[in-house]
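Letters A, B and C name the chains as they come in the text, with residue numbers starting at 1 for each one.
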Amino acid sequence: MKNIARIAALLLALVLTLTTASAALADGYRTLDEIRDSGKIVIGLFSDKKPFGYVDENGEYQGYDVYLARRLAEDLGVALEIVSLDAPNRIEYLQSYKVDVVLANFTYTEDRAQQVDFALPYMKVALGVVSPDAALITEPEQLNGKTLIVSKGTTAETFFEANYQEVNLLKFDSYTEAYIALIDGRGDALSTDNTEVLAWAIENPGFTVGIESLGSLDTINPAVTKGNETLLNWINEEIVRLGRENFFHADYEATLRETYGPNADADSLVVEGGVVE
Amino acid sequence: MQDSGISILFKGVNFQRLLGGLWVTMRIALITIALSAVLGLVFGLVMLSRRRAPRAICRAWLEIVRFMPQLVLLYLVYFGFARLFGWDLDGETSAVIVFTFWGTAEMGDLVRGAVSSIPLHQRESAAALGLTPLQASRYVLIPQTVRRLLPQAINLSTRIIKTTALVKMINVTEVLKVGQQIIGQFYRLREAPFWVYLTIFILYFLICWPISALAGWLEKRWA
Amino acid sequence: MDWSFISAHVPDFIGGAWVTLRFGLYGVACSAILGLLCSMVQVFRVPVLRAVVRGYVELSRNTPLLVQLFFLYAGLPRIGIRLSAEACAVVGLTFLGGGYMAEAFRSGLEAVDRSQREAGECIGLTLPQTVRYVVLPQAFATAAPALFANMIFLIKETSMFSVLAMMDLMNVADTLRTSGGRTIEVLSMLVIAYVAILLPVSVLATLVERRMRYAGFGHQHSV
């Protein structure tokens, strides 16, 4: 009992000290001007979600999201500082001001919009489910009682938790771990953005996307810290500007065409100028 | 792409980046070791003091360290303090704070153990020989304490190095994460995970083993 | 403090605590057995096995558990050895803990005076009988503090099982944190849960050690 009292006293002292010290260390989001003045913009991207955000063998970031990030930095006249993110920490990095913008293939949802501010969309997305050819899953009900692999912090996780409670979810922190688990047969299928699983299935023989579009038709939008109006407005204006030069179609050609092949229709994925067709 | 798994390590700058990731954790470990050594010494001496209050604080500190996994402490500082106090701590800084908190307590316990394991008669014999307390400390007690302390302290360093791997869990881009990025370059994953994780395993071993071998050698020499 | 959130998720935390405790104890049991065998190999100087054990101890004590788990869970299947998540958990803990347990048992065994073995021989016991009835009880008494410390250590190490997608206490907390926010509530429950698991173990350890001291074995604690 004495020890517990000692621990409690120490913790209380610690908390009091820290609270008083906190004022000095508190921070906030960076406005557009602050970003311009600092000479760099900090953008959070995936580093293992090919072909949207990944690191190639020369140590360079590549992908549909990265292409946009580079253009934003260029047009702002600052250097690009990339922070590697995983799905579960996208919101948290904005809320703790660790990044200015999140371009980690972030799907717009109303829940998320409570916690961060989304800009105009630049990509269409829905959920997809990929499974081994030998045991293809074509309907979500087939997953009842089976194991589905998801990445923590993704719309797939929320969707299946809310709508298909009979499905056992195996949750991983990163895409790499999730895909390895699928290949190792730790789950019967994997679900995340359909654009992603399609790309992965194309490059991994033996797996097929059995469910090509599940859940609502959503969009991928850039995200900034809640309240960061100056930055948000600039990004929105930028996306409209880029729309006039068909930037996102060029982005698709540069980063995604090789993956999806010559017959794929760019318009099924691309959103130009922030306007969803 | 018909690459076999192991060649993935030699493509481009992959291996250099792997080493770079390792350096991230090593940096954290080295700072932690330095801070813990100094603070731990103080901590240990405080634990031996005759005053109750400082000793009690140290005991409570040790208890916290004893009952909480380091990962939980890491979460508390990185996510908890960031929320509660609005601090902008990055992963590495949080790691140094948490690991130093832990390392200091461990080091302090080692110091206390080493000092109190010196039999009383050493002090008495020194006095009998006419040495002043200061001389006794310098020529008799401290050398013996150091001999008991150093091997275990070096082992603690190894443990600190191993523990820094935990920063993966608070999204620091260290060697395991770089390994995953490398695996993610090649969709045809196949044997890549085996070779990448095996390499990381070997890298850690190559760093830690010489250090613990040194500790073992010192222990034998000074037994 | 959102109390409704807390009460809604207590079952999740209990589930997580149960996973942590269960697998922690499996790991403790298996590594204790492995450790005991290894230490006996070392103390009784069994020829070839001794080198194997030495190599094993060096390997297990110089690599982090996190790296071992990634290798077991994601690396090995690529060369055909596919262990379930639970198997990886136990194998990982045993691999890591075995080395530490071996050291603890070894110091316990070596602390038992040779004369005890000889005395056993004198009264007509065979070597296995001597070991079982005379040496081991005394060795265990000496090793008890270290063994219990290892036990607490291994239970704390289970906090990494999220890489195996196992819902241990840490993973439950992390999943709640990333899906719902409410960081402070989640972290508070996490801390309380770990104390709730480890405090009884620590109390049990103290009780057992005290009883052994009464019987005349083990350390006479001075500090």
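General observations
The working rule: a contact is a pair of C-beta atoms (placed from the backbone, for glycine too) under 8 Å apart; a residue touches a chain by one contact, two chains touch by 3 or more.
As the structure is a computational prediction, the values presented were derived from the model and not from experiment.
In terms of which chains touch, the assembly is arranged so that all chains touch all other chains. Ranked by separation of Cα centres from chain B, the top chain is A.
If each chain is reduced to the average of its C-alpha atoms, the one that sits nearest the average of all protein C-alpha atoms is B. If each chain is reduced to the centroid of its CA atoms, chain B and chain C end up 20 Å from each other.
Centre-to-centre separation of chain A and chain B, using mean CA positions: 34 Å. The distance from the centre of chain A to the centre of chain C, each centre being the mean of the chain's C-alpha atoms, comes to 38 Å.
Residue positions 74, 78, 162, 174 of chain C each touch two or more of the other chains. Among the residues of chain A, those in touch with two or more other chains are 89, 92, 173, 177, 180, 183. Under the contact definition stated at the top, the residues of chain B that touch 2 or more other chains are 79, 84, 169, 189, 193. Every residue of chain A that touches chain B in the complex is listed here, in rising order: 3, 6-7, 9-11, 18-19, 21-22, 25-27, 47-50, 54-59, 84-86, 89, 92, 96-98, 173-177, 179-180, 183, 200, 203-204. The touching residues of chain C, when paired with chain A in their complex, are 74, 77-78, 82, 85, 162-163, 165, 171, 174-175, 178-179, 181.
Here chain A touches chain C in the complex through residues 88-89, 92, 115, 152-153, 157-158, 161, 170-173, 177, 180-181, 183-186, going by the rule given at the top.
Touching chain B in their complex are the following residues of chain C: 58-59, 61-68, 70-71, 74-76, 78-79, 152, 156-157, 159-160, 162, 170, 173-174, 177, 183-184, 187, 190-191, 194-195, 198-199, 202, 222-223.
Listing the residues of chain B that touch chain A in their complex gives 11-14, 16-17, 56-57, 59-61, 63-64, 79, 81-82, 84-88, 90, 169, 171, 173, 177, 180-185, 187-189, 193.
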